[in-house]
Amino acid sequence: MISGGLNIHHLYFLLIGAAWTICLSLIAFVGGGIGGGVIALCRISPLRPVRWLAIGYIQLIQGTPLLVVLFVCYFGLSILGFSLPGIVAAGLAMVVYVSAYMGEIWRGCIESVARTQWEAAECLALSRAQRMRLVILPQAVRIATPPTVGFMVQIVKNTSLASIVGFVELVRAGQLINNSIFQPFMVYVLIAILYFAMCYPLSAWSRKLERRMQFAARPVGPA
Amino acid sequence: MNYEFDFASVLERWPQFIEGAWMTVRLSFPATVIGFVAGTLLAAGRRSSVAWLVRACGIYVEVIRNTPLLVQVFLVFFGLSSLGWQVSAFAAALLSLVINVAAYSCEIMRAGMDSIHRGQLEAAECLGLSRRQVYWHVILRPAMEKVYPALTSQFVLLMLASSITSQISVEELTAIAARVQSETFRPFEAYILVAVAYLMLSLLMRAGLWACGQMIFTRRRRLGAQGAGR
Amino acid sequence: MTTVVELKDVHKRFGSNAVLRGVSFSIARGRVTAIIGRSGSGKSTALRCMNRLEIIDSGTIDVCGHAIHSPDIDLRRLRMDVGIVFQSYNLFPHLTVEENVTLAPVAVKKKSAAQAREIAERTLRQVGLADKARAYPEQLSGGQQQRVAIARSLAMEPQVMLFDEVTSALDPQLTGEVLRVIEALAADGMTMVLVTHEMEFAARVADDIVFMHQGKVWETGPGSMLRDPQTAELREFLAHGL
């Protein structure tokens, strides 16, 4: 018998919450991924104002807690006259947040493609766009895979903040359950277990990818 | 959009914001120091030859790194009160932040310590240094210097993450914004101001940590950034 | 004897370090020129300035009718006329050998896939690696990778080929295969500039030798110059090696 009145319906409710967590995470990942790609390319643009805009955006978002970004989006949207469900504000905040962090990660990966590859491509008369598309980005994508997967873990964990603006993901689901059975500790333990179940496989996968990267990155060229 | 921005009514409550910022500092600074020490101990534990210790530290780190801070804060808060201990929100917040940053510091320090070449240890031992001296001079200190930038980033993240403790009613900066908006009915302006405040705090923190690094790590100071990379 | 490459009083510094202090020489079409000298004499820098990988501070460089020193230069046209092979080969690791060679002809010269493949086959046969078209760079030895790099440059049909210490990073037993390819290219009449430490090879294959010392051209002459040096510095260099 499970103590304190926690029954199968509650568990089911939690799992629905977990499903919404995954849903919000995917929105954040896809939206933030597109945004991050744009930010990364702007960050390395030869045009100075574009570069500085990207730097400014990244510094702004990276210097602000996600919770504050979330509130700004939530109240900002209502100022604009929208009375949208919590998921929109949460989704917007997550996309803004992920774009900045993802953009920085990917910029680092693009820049870590050896200078000599840039030179070789340049000396074959390829234009800047061709260099990026055919030589640099394919290699950067390979380098970027482990940290991107690792960041997905951060995304999943950060969706927990959406509970604060009322979106019924996993944490909020648990809080609602707790309002009827008053067993906060046990509820949060269950929530933690569910998060762990979602995040640990991603963490392990990211580590495996990173090991494979290090092994495969025997330098192609003179030792 | 027929909204009139009114930053004035929010700005005139600046003493409250200062109080909130001070609370943020009162949380972040001790959490950083204690968390770093705890993290270093954990890293040592993970690299030790005692099997159960390695596994225990490993499990601790994995659990913390794969669950959200919000959940950890609630667990500490409700867990302590269910054990019958009446702790203040501040203490619960501090404890959960320490638990959190220790796990991340552990991984950072571990990477730093693992990157020290075997040859250095052998050379030190062959010079007659005791095991403890080798550990301090050849492993810990170089590791700390090497991973200092990563640690700095982690500590700034911690300061930003302290905003989550507003959910257990700690009167730090984010909570102040909530209070101010309930008085002025200007939530957007309040949170924009708080965002600016956090930005300034993180810039100050980065500058402060950089200065610390320059003072502690004299090699870095003398050789400049290039020297630190070697 | 048309002059394809001409450097006049070229100066270049990196920070406070003056690497080229007034370099002048010229190269005629179809001739092979070897640039020799100590590390730090400026020979690699002079080479890299010839295709604008480094930008000179003063002086003029004219290559195949392109005024390299001019800021309005059309870099793409220049890079189509001047090919370069690097010390560290710089093959693209995510592409096969054939794809490495066909990339530029397709992307820049707009050749069709079939034409590009033909070009690749021809150039890979020229360097003796026609059977490795489907392999990836990491599967090849250093010497093979360097030969692919040569084929990749040749595929663009340049007028001048620059070689920047292309055998310095190779194991000694692998340098032979690369030098043989270079010698064959020379026999075919390609205009080439080689920065090299291989003295014997330079003496045998090069039409002209340029000895650089402390950022200046110290002595020039035919291959026989190496047996009969005129200046003390060249004598010293030949006696003590690099």
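Letters A, B and C name the chains as they come in the text, with residue numbers starting at 1 for each one.
Rule of thumb we're sticking to: a contact is a pair of C-beta atoms (placed from the backbone, for glycine too) under 8 Å apart; a residue touches a chain by one contact, two chains touch by 3 or more.
This structure is a prediction, so every number in the text was calculated from the model and none was measured.
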- request: Quick one: label the inter-chain contact graph as line, ring, star, complete or other.
  value: line
Statement: Most heavily contacting pair of chains is A-B
Statement: Note: subunit C sits from subunit B at a C-alpha centroid distance in Å of 53
Field: Distance from the mean Cα position of subunit B to that of subunit A, given in whole angstrom
entry: 20
Field: Cα-centroid distance, subunit A relative to subunit C, in whole angstrom
entry: 46
- request: Provide the residue numbers of subunit B that touch subunit A in the complex, in ascending order.
  value: 1, 3, 62-63, 65-72, 74-75, 78-79, 82, 160-164, 166-167, 174, 177, 187-188, 191-192, 194-195, 198-199, 202-203
- line: The answer for subunit A against subunit C in the complex is residues 116-117, 119-127, 130, 134-135, 138-139, 142, 218, 220-222
- prompt: So in the complex, which bits of subunit A are touching subunit B?
  reply: 59-60, 62-69, 71-72, 75-76, 79-81, 153, 157-158, 160-161, 163-164, 171, 184-185, 188-189, 191-192, 195-196, 199-200, 203
Parts of subunit C lying in touch with subunit A, wherever the complex brings them together: 51, 53, 75-80, 83-84, 86-94, 103-104, 107-108, 137-138, 142, 145, 152-153, 156, 169-170
